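Pasting the structures in now, so scroll down.
In what follows, subunit A forms one complex with subunit B and a second complex with subunit C.
On to the complex of A and B.
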């Protein structure tokens, strides 16, 4: 383990920026911290609870050009590889876990998604342990936890006066070894880290029992429960846009004069047009089918296809729902169904 | 790494109107690049994404047999609100469009060998069934299958697809063709009535027979019920499903029935599989 004084962290970033495209949490306004490109170390905001938007946008952007064309000519694909390798500095462990779930979709055994994979392969992740879980965080229930060291290359934590760095992958260790000015951790740091971890874990106040959920969902597809749960949903889709694991997208063409491009943009199962066919037929015609699809996908279908629940317990869908829908309470309601 | 989102350029070699209403056109496409033509290996029942630059992309079943190398055939229904289907119908011969595929699983032809085949098609869903019928009737393949029955339902005679093919196949003695239309029409020599009741009267034997049913959802549902009543086992009733698709490769998230994506795990499913996936409810 290595450490650096907190007031020197900018020098670490400044070093990394020379060789890498660095992305990290930046203050967007008084309230919002989000991932952005960091051009100098001072731009990073490492005092935050979590970013408003999940880290998925750095690998699966909200809008991305698949290829461009002129007239009816064949598609021209731009170089997908970033100019410099990338570092995401200060991602929370929940978002890091979401990348391993997205890997299953975009880098699975059958079709490979080059747009996602190239970004992923050219990116090193520095997670920053979460000492400030928010009131709706429940990562613990997903087996992640605010100090999880999984799904990252370098694990970082805020010790109060210093940041500690722990290499997790060989690639992470390589980068860490090259950073000048890092000091060896003190003998007491491991104990300190352990205590901070317990403290953070105790702050993850909400819990939800997911043990029997996939099996339960398999039995309640036609349950009257679905007639009620969607009633207050506006279908705004914010729960899916801000979900680190939601990966649904649309593909559309944009054209001006004879120059055009085919882009993919985030889409949402909450929208009526998501499954609306040209004929007018819509297999998920009402909010009931759409809400059921969202929950079934996360907690049952994804489990059947990839062996894991498509949720990391970040609480964003709860924090941002304009009508106060609470995923945890809905899951509890499902658990309690006869 | 192959980029699964990039279409291959294809040229529209021939286009013709398929029905009297005028909302169905059949498109014969040829690859612009010979390499693409050589690499394009598909099985009956698979589909492809057709696209027009600046307009968009949508999935369509391949209506030509894999043994027909000259052209790839698609039949497309134009919908007033269908931006791409309308643009496709406006294309003139020689136009360039894009094609991605083949996609999906296709019909389980291996498992169907040595069986009798009952092919049931309604409306313009006859497309991949045309590919299947062409394929099994090919002299190389015909000996591998037992009795073949093609049951075709259409609203009226003018809506009957692939009239040339039906006429040609009707001359053969190794396929039985049953045609039905919804309401009586003068000089119509075939059956009259909706697909399901006519199929019920026909009462095809389930003995060593695989049934393949494609059509509008209501027709699939009612015909499957008839077949189940005739003691066709659930795993011997095969259908092909459609839903809105964008990626065609199981990532964009919209065409699932339960945990299965129609684009990647289908579009061909047995009735047994559909029952396990909460039937045809999405």
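On to the complex of A and C.
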């Protein structure tokens, strides 16, 4: 384990920027911290609870050109060359976990998405342990926890006056070894880390029981419960767009004169157009079917397909729902159904 | 008797006498600084209804999709939206029972988060006009009036403009000092400065359409953004696509927007959506002397022509 004084953290970033494209939390306005490209160390905002938007957009952008074409020529698919290697600095453990869930979709045995994979393979993750879980965080219930060291290359934690760095993968260790100015951690740091971990875990106040949820959902597809749950839902895309694991997309073509491009854009099962067919028929005609789909996908279909729940307990869907829908309460209601 | 008790009484009466099928109101599910819309059909459930400065949604938004008879809890601005919906033949007057609430303004919780330096509010208790907020490391007493939404600070219609039952006495008009202060600043800035402001705030937009969905007057069966043949606007988050979406949506609200602020409050990324609609509302007022949703059978300013309409834009 290595360590550096807090006021020297910019030198670490400035070093990394020379060799890597560095992305990290950046203050967008008084309330919004989001991932952005960091051009100099001072831009990073490491005193935050979590980014407004999850990290998925760095691997699966909201709009991504797949290929472009001119005139009647065959489409030109430019070769996907890795760019300058990337480091995501200061991702929370919940978002890091979400990447392992997205890997199952975009880099699984049956389907390989080259656009996702090239970015993923080109990126080293530095997670920053979360000392500020918020009121709607429930990562604990998903087996993650604010100090999780899984799904990352380098684990970092804020000790108050210093940051500590712990290499998790060989790739992470390589980078860490090259950073100048890091000192060896102090003998007491492990104990301090353990205490901070307990303190952070105690702040994750909300819990949800997910043990029997996939099986329960399999039994209640036609339950009258769904008739009421969607009533207040506006049908906006906040819960899906701000979800670190939601990954549905649409493909659109844009053409002007003889130039065109095919773009992949995020889509949301909350939108009526998501399943609207060319005939005009919509198999998910109302909010009832759409909300059921969202919950079924995260907590049942994903489990059936990939063996894990598609949720990391980050609480963004709860924090930002304009009408105060609360995923945890919805799950509790489902658990309580006869 | 306090307004909340009166509201519950009225709601119970409407449901017991089967005058309405549902009462759409607000309930408190325990999330601090928030209420959530609720749909009450059983008179036994009316005690779930609450009335407080956190009742921020414009519930008129739920009326257009309904075929039954609904009672709706409505603040001044919400009743104006209902008037527009009736005038635009989207709902029938006889199918809506308006529980009108004189409103002293609602709290913009983003202002509270901002004041607390993005502190994590875990508990909030409202007593009279004081909100006691608690986080893990702080406790603070905040005055409701210090955290009212911007649209409430310049509100000229705090009392219901149309209702079946009014809950409580009319409030005196607010002494609005400078309703368009922010808009005037934008108008007086250079086009480069304005562009920079638009770019900065709209680049945060993630095209989730919460603003559109929260707006009671965005009821088009097919929104122009959802059309793909022809595609009127690109679907990416490229700033040009995003700006086109917001400008077109704002144009569509011309002479109709009641400035309830629902669009802005629903935004997850703090985009200044209201500056566009407020600017347009100001223009409509100055050019046509019109404010949306003040009376039934009123024609929308852009739907008819008067000989003395301003024409100096024709060069």
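Here is the rule we go by: the second predicted complex is superposed on the first by the 336 of 338 C-alpha atoms of A that agree within 3 Å, B and C clash if a C-alpha of one lies under 4 Å from a C-alpha of the other, contacts with A are read in each partner's own complex, and residues count from 1 in each chain.
Here is the rule we go by: a residue touches a chain if its C-beta (ideal position, glycine included) is under 8 Å from a C-beta of that chain, and two chains touch if they have at least 3 such contacts.
From a predicted model like this one, the values you see are computed outputs, not experimental measurements.
Asks: Just from the overlay, do subunit B and subunit C fit on subunit A, or is there a clash?
Replies: They fit: once the shared chain is superposed, the two partners occupy separate space.
Asks: Would you check which partner chain A:188 touches, where first means subunit B only, second means subunit C only, and both and neither mean what they say?
Replies: neither
Asks: Looking at the overlay, does A:67 come into contact with subunit B only (first), subunit C only (second), both, or neither?
Replies: Once the two structures are laid over each other on A, A:67 reaches subunit B alone.
Asks: Given the overlay on chain A, how many degrees, to the nearest 10, lie between subunit B and subunit C at the CA centre of subunit A?
Replies: Value: 90 degrees, nearest 10.
Asks: Once the shared chain is lined up, is A:297 touching subunit B (first), subunit C (second), both, or neither of them?
Replies: First partner only.
Asks: With both complexes overlaid on chain A, does A:252 touch subunit B (first), subunit C (second), both or neither?
Replies: Once the two structures are laid over each other on A, A:252 reaches both partners.
Asks: Let me test your reading of the model: by the given contact rule, A:323 touches which partner, first (subunit B), second (subunit C), both or neither?
Replies: The second partner, subunit C, only.
Asks: Examine A:336 and indicate which partner it touches, taking first as subunit B and second as subunit C; both and neither are also allowed.
Replies: The answer is neither, since A:336 touches no partner chain.
Asks: Return first, second, both or neither, reflecting whether A:132 touches subunit B, subunit C, both chains, or no partner chain.
Replies: Only subunit C; A:132 stays clear of subunit B.
Asks: First (subunit B), second (subunit C), both or neither: which does A:279 touch?
Replies: The first partner, subunit B, only.
Asks: Compute the least Cα distance separating subunit B from subunit C in the superposition and give it as a whole number of Å.
Replies: Superposed on chain A, the two chains' closest C-alpha atoms are separated by 5 Å.
Asks: Indicate the residue numbers of subunit A shared between its subunit B interface and its subunit C interface, in ascending order.
Replies: Residues common to the subunit A contacts of subunit C and of subunit B are 250, 252, listed in rising order.
Asks: Inside the complex, what are the residues of subunit C that reach subunit A?
Replies: Against subunit A, the touching part of subunit C is residues 29, 31-32, 34-39, 57, 61-62, 110, 113-114, 118, 120-122, 136, 204, 206-210, 212-214, 226, 228, 231, 234-238, 265-266, 268-270.
Asks: Using the touch rule from the top, collect the residues of subunit A that touch subunit C in their complex.
Replies: Residues 28-32, 48-49, 52-53, 62-63, 132, 134-135, 203, 205, 228, 231-232, 234-238, 241-242, 250, 252, 254, 263, 265, 268, 271-273, 318, 320, 322-326, 329 of subunit A touch subunit C in their complex.
Asks: What part of subunit A is in contact with subunit B in the complex they form?
Replies: My answer: residues 66-67, 69, 71-75, 77, 105-106, 110-115, 117, 221-222, 247-253, 255, 260, 262, 264, 267, 269, 274-281, 283-284, 289, 293, 296-297, 300-301, 304-305.
Asks: Spell out the residues on subunit B that touch subunit A in their complex, using ranges where they run on.
Replies: Those residues of subunit B that touch subunit A are 1-7, 9, 32, 51-58, 77, 79, 81-85, 95-98, 217, 243-244, 246-247, 249-256, 258-259, 264, 278, 281-282.
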